[in-house]
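This is the structure I have questions about; it appears just below.
A, B, C, D and E are the chain letters, set down in written order, and residue numbers restart from 1 in every chain.
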């Protein structure tokens, strides 16, 4: 298991996001369609990464509730893009399962029945490169 | 060959206790060019200066080296002493053997060795010194103020009060600027026009102030003290001298469909119009794009109804050329366009407005006669939502990176006024931070919360969704309660970022004044010269330099006026002689030096040169001594070494390097 | 006639270098130039032309003449010592040897250049015949025989052997000094003659060999000087010094001072180039103001002024280095041909 | 080539241009020289082939002073230099009629010689029209051949692309010949220890004979009088008397053209001693790209170059030590 | 003159200081009696942007062992932008010196304000130590100027 620090660094690297740019305006949370289903709210993703509490993040419900609609990415005034952080956190989960790349055939057994379809599309788009 | 005198100061024991001054004197006599060397307890004293005077006279010295304290301390003293004895003051160099030597070293041998080396470097430099003479340039005792808002008005008044004539150039038909559009002002809630209108009248009546409205700066040439400016007076189609300002033409004008600029497009105006009732001058202009006479050739009603016979359809733009000693830029600001913020539904709903539009709605002279109502259906709003930081503090290219500074306060003002006048209306403010540094500012904001029950929510709005029922669904976040909020509102007010007037880039280019990436004019020094541009003779007033509120603008306007007055009070400007200059035989005319000159001091001329018998016309860099401040940026940019700095020439610095490394 | 196996050349170089300095073609970062021999030097005597000619051996690119040292307010002048050490230059070609003869005409006449003279006195030249002449060579035009260089020692590299023949007293002395490494070979003459014939027959096939110098001599000064053709010829010239610095006969130098700070002011001379914009720049200005004049200078000097003063001897030796190295492919052959073509048209 | 000649003649005849700046065939198979053509009959000698490597943009400095327009043949990479010269007011755009000529990589006779090919009588395959991949070289010592690619100038292996940055018209096709990483050599050196770096450059620069060919051919080195020819900095040098002077000259030369050097490769092409001078220029280009953002001199007419510009967030000089 | 006490290595260090900040910072170090090595000799220039790479190479040519340039902090330049240009120039020059094998650390840039006497003194301490550890500059000197 990697240290929390290295996981946080990896999230930053994968997402290309500098969480320190966040000015805590909350526009992400204000924009989020899945807000109510989330245990950790979009604006909080940022501070979890800053505080290097990645374990909570990857264990959170939010990770799989985010629709990857990227409204927060579009609207974030500070170029922080919480949606990308979440996407990166998912990638960490996938990688830690020992697979860097997802094959279409592997998906059914990985999929939580609650996972929204859009997420699958987003995941395929992202990980099957 | 120079005849150099070296004078070594003991500075009591400050130097002499650590440096063997006699040894320095002895070593000095071995240096090339040195014909005289002596030491004395206090060189800066009368007696010490007398020694220098005597040696210059008796030994016919052409250059001096004073080994003493820092040149920052007594360079001027010794230069003056040299000048009194008939020597050019720039033939003096200081070897700093106190601050840079005796005070920091303990070992006498070591300190003496270093003092000798510093003396040598100074001698090497003097050997290459040339007499320099400060240039002189005249000062035209007249100032130009670009922009007729509160900043420009205040600057013009202050300069004129000091007795210097001032011209104001204003692009729109009337002075008054943004402030004239405001309803009330924070934190005292005075009526904006009540405090502005008297000032506009004062400017209009002042014998030393001349106002060019409906005019723009066309070109600027010259330099500090001696600018030549061309001003384009756009054709007004109304004779300023004949018009009585009765207003009949505006009433009768059949073309009334043009959106009113003054009311931010919330109402319309006639083709012949004054922007607002208290306009100064109270003379209308004809908007030729809207005028039926200009579009079709028919109509001419205004001309018929004008008893003064002031209407003149044949007027053409006029160019006025005037000379100025100082120029103050007061071009102000506008709100950013919101076309990149679709999520707030500004373009989709009439009930989503900007705060400046709200100012007009709240104003008794505004489009709704001062009644707060929805523009869609005229109903009074029951739920109002204010969204802060729309386009301010934005890291992406949709908005501006800076804080617009005034929004927190005016939103508190709006909220308070609404709650006061319409107690049934709920007001919610979504904010990121509330910033209230300023006298009585935080108290003002607290009053809005505590006395008027304005609901401040820490969090931003993600989306505004117009509903079929005419309401606006506001989806926001409450970060303190960690919940998402869905709220139906009747009106949404956006605190849009302010940005410098878009024309300022053009003006800055004409003035060679520097401008930052946000189009704010750059000050000469962020802390110490905040109202001056790095370009000499150009001063900054108001929001063109950075976001600020009215009191701050007025203070800065006064400060800019003082700086301008300080310049105009002089008959002549003495220019720093340590300026760059270009060797015309080596100059390539490549323009690289002008690229790095912070003062716009370098221009190019086609000049005929005789290069060792080859005669040709070449593009040559020419440095304006009045503008050059002697930083030397150009000298390093110049690859051929054509550009050199007097007083710190390439060869002088190299000679110092050589002397130190010897 | 002696010979020495190629594989023993290192021993020969060691032997020479033990007694005196030895300069010979050395390969450094892909380029072959004359340099001092050392154990780890990559000697390359197969490459026909070194980039720079070997004239440095006698007339170095820069040399200090004297040093002025300040003593208080006095100045002492310390002249530079003349060359006192014997040395050998091994591997010059016939054209290079003629190049040295040209320099002699300049530096060994009155006023004698003592720095040059000392080097000539102490230097012995071992020259190699050109085994495989190249298309840029045109030494024959100047009457030089690439097959038989006229040096202190002439040498031929044939197969696995180097054939050695002393031609002067200096050459004899050097031969004696290395005699124990050389073997006498009775059949050598025949081998060498065959090689000479081969070389000469290749030379006949070279494209420049039959270049005509008709019309170029010391008597045509004004006619050539004023010819409008120069107005065109110089145009591509970049005014760099490549042609002059690789040339075995260019002898112009400038005298400059270098202030060392603590070690006084060194007065040194260094090669100058007539192509340079400040060539012959003087206090009053420059008497060759345009590149055309400077460009003309080089060719007029080699083909007109020099023969005018030296019994018809041209100061070009046809080594072809400028032909190979000019960045814009200008050269003396093109100049000669351009005038010939124009002559034909007239 | 014939199309180019026809068009040039046409533009001369109709008075659009007063002269044509192109290449004249040499007297050996590989040595064409830059030349002006003013009359129809001059074109008998006009040539454009693989050996026409010279960047003619610098000649336009002088040509801009002449009466009338000059038609100049510029290869794609030459057009960068030309734009840079426009920026610096050294050439007059209005005095130039630019024909962007096609380029499929230019040849380096030194590379052919380095293969041991000598006594060259003729070369075929260097013509610009055909797609020949091979050069066939007839020599006194027999017929030789080599791949076109192997005889290409170094710069063509890191070709900037086949597009002309500025032109009035284009004649002939170009091909991008890039097959190497432009900064590979620089990176190799950067990875060396200081001792190795020093030894490398000491050796490379010891070949320098200060002929100034690199400087004089360089379109960015367009100073009327170079600092190394003047006494402005006590910097007049005609020879490298000490190895310091070689370094001084090459460092300062590279510094003076930093941000303006288009990497046209002329310096390396003309060096008679085969010094890889582009190693200096490319180091600066690489640093500029990495520190101040990708920049290609001559790709546009923006007057400010990286060294006459700044960003408040620029790296500190200490970064050099940090990078190690 | 040679007053060297012993044979130990004493580096020659040239410091270019801008008139407005760093030279004043050095003055403050002096008036606060914050000592640093006498091997440092200061040359006053109007602005760090006056420092030409040729000056730095010249110092090395003449046997300097280290060259340091001090200017106003970025953003505080008396001439508004001079040190920004200087920063780019020096970054590129230092990178080039590193590239040709000059030991890392023989050159340095430090921003010292007029109030930072202590920083000036501290910087000079560090720099002298660094140069002393690097030893004599032999890679960039002109042998003709050698002692």
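Just so it is clear, contacts are C-beta pairs under 8 Å (C-beta built on N, C-alpha and C of every residue); 3 or more make two chains touch, one makes a residue touch a chain.
Here's who's who by UniProt: E = Hydrogenase iron-sulfur subunit.
Please read these numbers as outputs of a predicted model, since none were measured by experiment.
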item	value
Chains contacting each of chain A and chain D, listed by label	B
Set of chains whose contacts include both chain C and chain A	B
Pair joined by more contacting C-beta pairs (D-E or A-B)	D-E
Farthest chain (mean CA position) relative to chain A	C
Rounded Å distance, chain B centre to chain D centre (Cα mean)	45
For chain C paired with chain E, centre-to-centre distance based on mean C-alpha positions, whole Å	46
Where chain B and chain C are represented by their mean Cα positions, the distance between them in whole Å	68
CA centroid of chain B to CA centroid of chain E, Å	35
Per-residue multi-chain contacts in chain C, two or more chains	258-259, 261-262
Chain B residues counted as touching two or more neighbouring chains	596, 637, 650, 654, 658, 661-662
Two or more partner chains touched - positions in chain A	none
Listing of all chain pairs that touch each other, if any do	A-B, B-C, B-D, B-E, C-D, C-E, D-E
Touching residues (chain side chain B, partner chain E) in the complex	27, 70-73, 96, 98-101, 103-107, 109-114, 116-118, 121, 514, 522, 524-526, 534, 578, 596, 598, 629-633, 635-637, 645, 648, 650, 653-654, 656-658, 660-662
Chain E to chain B touching residues, read off their complex	1, 3, 5, 12, 14, 19, 23-24, 26-27, 29-31, 33-36, 38, 41-47, 49-55, 58-59, 62-64, 75-76, 78-82, 85, 89, 121, 145
Touch list for chain C against partner chain E, complex	258, 260-263, 266
Residues of chain B touching chain A in the complex	343, 389, 393-396, 398-399, 430, 432-433, 458-463, 475-479, 482, 484-485
Residue ranges of chain D in contact with chain B within the complex	65, 87-90, 221-227, 230, 232-235, 256-257, 303-305, 307-309
